[in-house]
Amino acid sequence: MAEFLQQLLNGLSLGAIYALIALGYTMVYGVLRFINFAHSDVFMVGAFIGYFAGRIVPEGTLWGGLVVLLAAMAGCAVLGMLIERLAYRPLRGAPTLNVLITAIGVSLLLEYSGQVFFGAAPRTFPAILPSANFTLGGLVLSSNQLVVIVVAVLLMIGLELIVHRTKIGMAMRAVSLNPRAAQLVGVNNDVVISFTFGLGSALAAAGGVLYALNYPSIDPLMGVMPGLKAFVAAILGGIGNIPGAALGGLLLGVVETFVNGSQWSTYKDAIAFAILIVILLFRPAGLLGRATVEKV
Amino acid sequence: MPRPHVALLLALAAAYGVSHFPGGLDPYLLDVLTGIGINIILAVSLNLVNGYTGQFSLGHAGFMSVGAYLSSAVSLFVAPKLVGELSAAGEVTQGAVFLAALITGGFCAALAGLFVGVPSLRLRGDYLALVTLGFGEIIRVIFQNVEILGGALGLNAIPGSTTLTWVLAVAAVTVFVVHCLVDSTYGRGFLATRDDEIAAAAVGLNPTRYKIVAFVVAAFFAGVAGGLYAHFKLTITPTGFDFTRSIEIVVMVILGGMGNAVGVILAAVLLTVLPEVLRPIAEYRMILYSLLLVLLMLLRPQGLFNFPARRPRG
Amino acid sequence: MAELLRLEQATIRFGGLTAVNAVDFAVNEGELCGLIGPNGAGKTTVFNLITGVYAPTSGRISFGGRDLRGLGVDGIVGLGIARTFQNIRLFGSLSVLDNVRAACNLHRATAPGHALLRLGAFRRDEAAIVARANELLEIFNLGRFRDAPARSLPYGEQRRLEIVRCLATRPRLLLLDEPAAGMNPTEKTELIRLIQQVRRQFNLSILLVEHSMRVVMGCCERIAVLDYGVKIAEGTPDQIRTDPKVIEAYLGEDHGSSLAHH
């Protein structure tokens, strides 16, 4: 039982990171209806900004950790908006395939640039936060895991507030429901889309820093697998659906952790894709999504 | 004789001629040419799916790996039992064994294509791209875990049966099959499916069946290309077939101007040669490559080689 | 006159909405029928039921006595029902000729594999298909556009091409979904002539969904009226024109006035 709870806990902290990344996919899909392949590399850049910021601030302090997190989020928000402005906006209205290929191109660009400028070899992420292990019954909870869960929950609450309590959040929902109608009632779609990219990228950056705290080895290709899995999480929850992305991320993190702890551990990278395929075949709208039918 | 058949025979004769080039070819050139040939097979076959039928598959490398592994298994494990030591066998026997290995690889890949295609082809656009990507990755993980196929280390000491003649001959056959299939009344169905599935069904075509045919045929040739690749590189590992390889092939198709056969072939040549040319700037070449990809989509979304085309002959 | 198409209590529900409710209707061999009704009455949904795009929640649809359930869209075309779409759906990037060729596949004589071998039988088959497609295009004055991509055609020609494409499947029943949409009075007169020509020359039945009273009253022999998914009237154009239920359904809509004019 303790073993089970421990795995569940580990799974939730991994899932919280997937959820943070998945939110960015789902929000961008909501407003633009396309898969931002480069999102996983924004996550990587977030981890690297965290790495460099982490070497400036004193190690092992709470405020240092906060500064690192905010620096990564701000840097990636700018990066995300830049990518949108330079690569995606000129293609608005172009066929999906072209946009998808552009996204793949941006993704490769970030990865290869990372390999050239950061080097391909993995680096050890500094221990920015004070670290301790708490034992609770038979459970071991590291302070980093706790931070991951707390930060992720806070960010998701913040996102929920932005989306449902602010004017820009309402505009986001309007654009996601019907971009043209939103424009007609005076929403500036460009601003909303740009904001969405910024917001999503900031969340991915937070995910990157949190991921690096727990798995303290970072490299320019570190985003690929978590990125793909977070995307699966977004689809699992229902793409375009914000609570769905959070739910999908948590579920996927838990399932993967349990597979990893079982005799099937070598298949842990395949499990996410198996889930993806099953969900797309049997419930393409996702757990919380609503099915749409093409009008003839 | 119909024109495509004449062209095929000429191409096969030329492929045969290349190997009997007086004095032989420079080994480096031979390497590059073989790479070009394999990429042409991959790109032209994927063009049937992504270009003519309008489906977005990101799993071509997965099918390639099935062909590579299974054909190598035939050469390494099955053939010695049937014909004894390969190197001791005659040239004809060796050729026959290799052909059998390639075709086995192709059929296994086609089977995998059927298995992947039947459930997933009702999905559209980027969803299909993801499912095929997912299947490709699953295939890779499976190979990593199959001990008899070398696990994560892969297979090595595969006989080097691939010659430039083989590669060019298979490339010619691929171009021929895809061209003939599309350039017919039956083949208009692929294009119709791409343009509007609902309308295609409304004139009595079965879009799902067309998509599956395209997928299976493309997977077959990807498998054969994988076999050629394995018997050329002599060692294969699961990571050699990850989804960046699939993306490379997709880029060739897009660069060539989806559904434009000549353009896709040119793009396959260009994208094989480009990294060689860019070798002096080493690490920056991949940055340049990805930058070109983005710029291409922004500035020339219809593909590099897609000019106001002649209509295909009726 | 033999009965060709029959809807018995055809019903479809989407969630809580009953889009088509227990509709009984039949089209006889050689007949030209109309299906009218205010916006959102369920006319196009009836087409989608007949052509297998949707399966009826309950009720039965049969063609030539054969139940259409489970045949699939392409299977139903194979039996001889062809349709056009409200928002024209051509194969935009294909040439005009290839649009028609694609629709000739139902009556192709050689198997797909022949495309690789290209023996005599294949070449004769291809030549026959191209000849027939060309002949159809000539009949409808589209020959001069033969090699142009379908999406480059003017609107009216696109509508005609869609009808030609249907005819290439050799239908016994043609379903036309708002063929007069976006047409001016001259074009509508031309369209009525075209519809009657098609029926005569190709010896088929036609079912027409239309908003334009002028077109429906001008060429249909029998008309059914749908309102909120229910058939509220059926009869000759004269009967429909004076039916109080029909007038009531159309009142408050701008069509009320157009009904009165005829």
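In this document, chain identifiers A, B and C correspond to the written order of the chains, with residue numbering beginning at 1 in each.
Just so we're on the same page, a contact is a pair of C-beta atoms (placed from the backbone, for glycine too) under 8 Å apart; a residue touches a chain by one contact, two chains touch by 3 or more.
Not measured: the values here are computed from a predicted model.
Asks: With chain centres defined as mean CA positions, report which chain is farthest from chain C.
Replies: When every chain centre is compared against chain C, the largest gap points to A.
Asks: Average the C-alpha coordinates of each chain, average all protein C-alpha coordinates together, and give the chain whose average is closest to the overall one.
Replies: Chain closest to the assembly's C-alpha mean: B.
Asks: Measuring centre to centre with CA averages, how many angstrom lie between chain A and chain B?
Replies: Measuring from centre to centre gives 34 Å for this pair.
Asks: Using mean CA coordinates as chain centres, what's the chain B-chain C distance in Å?
Replies: 42
Asks: Centroid of chain A to centroid of chain C, CA atoms only: how many Å?
Replies: About 49 Å separates the centre of chain A from that of chain C.
Asks: Spell out, as numbers or ranges, the residues of chain B touching 2 or more other chains.
Replies: If we look for residues of chain B contacting two or more partner chains, we find 198.
Asks: Of all the residues in chain C, which ones touch at least 2 other chains?
Replies: 53, 85
Asks: On chain A, where are the residues touching two or more other chains?
Replies: 296
Asks: Mind pulling up the chain B residues that touch chain C in the complex?
Replies: It comes out as residues 2, 4-5, 177, 180-181, 183-189, 191-192, 194-196, 198-206, 213, 311, 314.
Asks: Using the touch definition from the top, list the residues of chain C that touch chain B in their complex.
Replies: Interface residues on the chain C side: 51, 53, 72-74, 77-78, 82-83, 85, 89-95, 97-99, 101-106, 108, 112, 115-116, 118, 122-123, 125-126, 129-130, 147, 165-166, 168-169.
Asks: Touching residues of chain B toward chain A in the complex: what are they?
Replies: 50, 56, 119-120, 123, 125-127, 129-131, 133-135, 137-138, 141-142, 144-145, 198, 244, 247, 250-251, 254, 258, 283-284, 286-287, 289-291, 293-294, 297-298, 301
Asks: Would you tell me which residues of chain A are touching chain B in their complex?
Replies: Touch residues, chain A against chain B: 34-35, 87, 90-91, 94-102, 104-109, 111-113, 115-116, 228, 231-232, 235, 266-267, 269-270, 272-274, 276-277, 280-281, 284, 294, 296.
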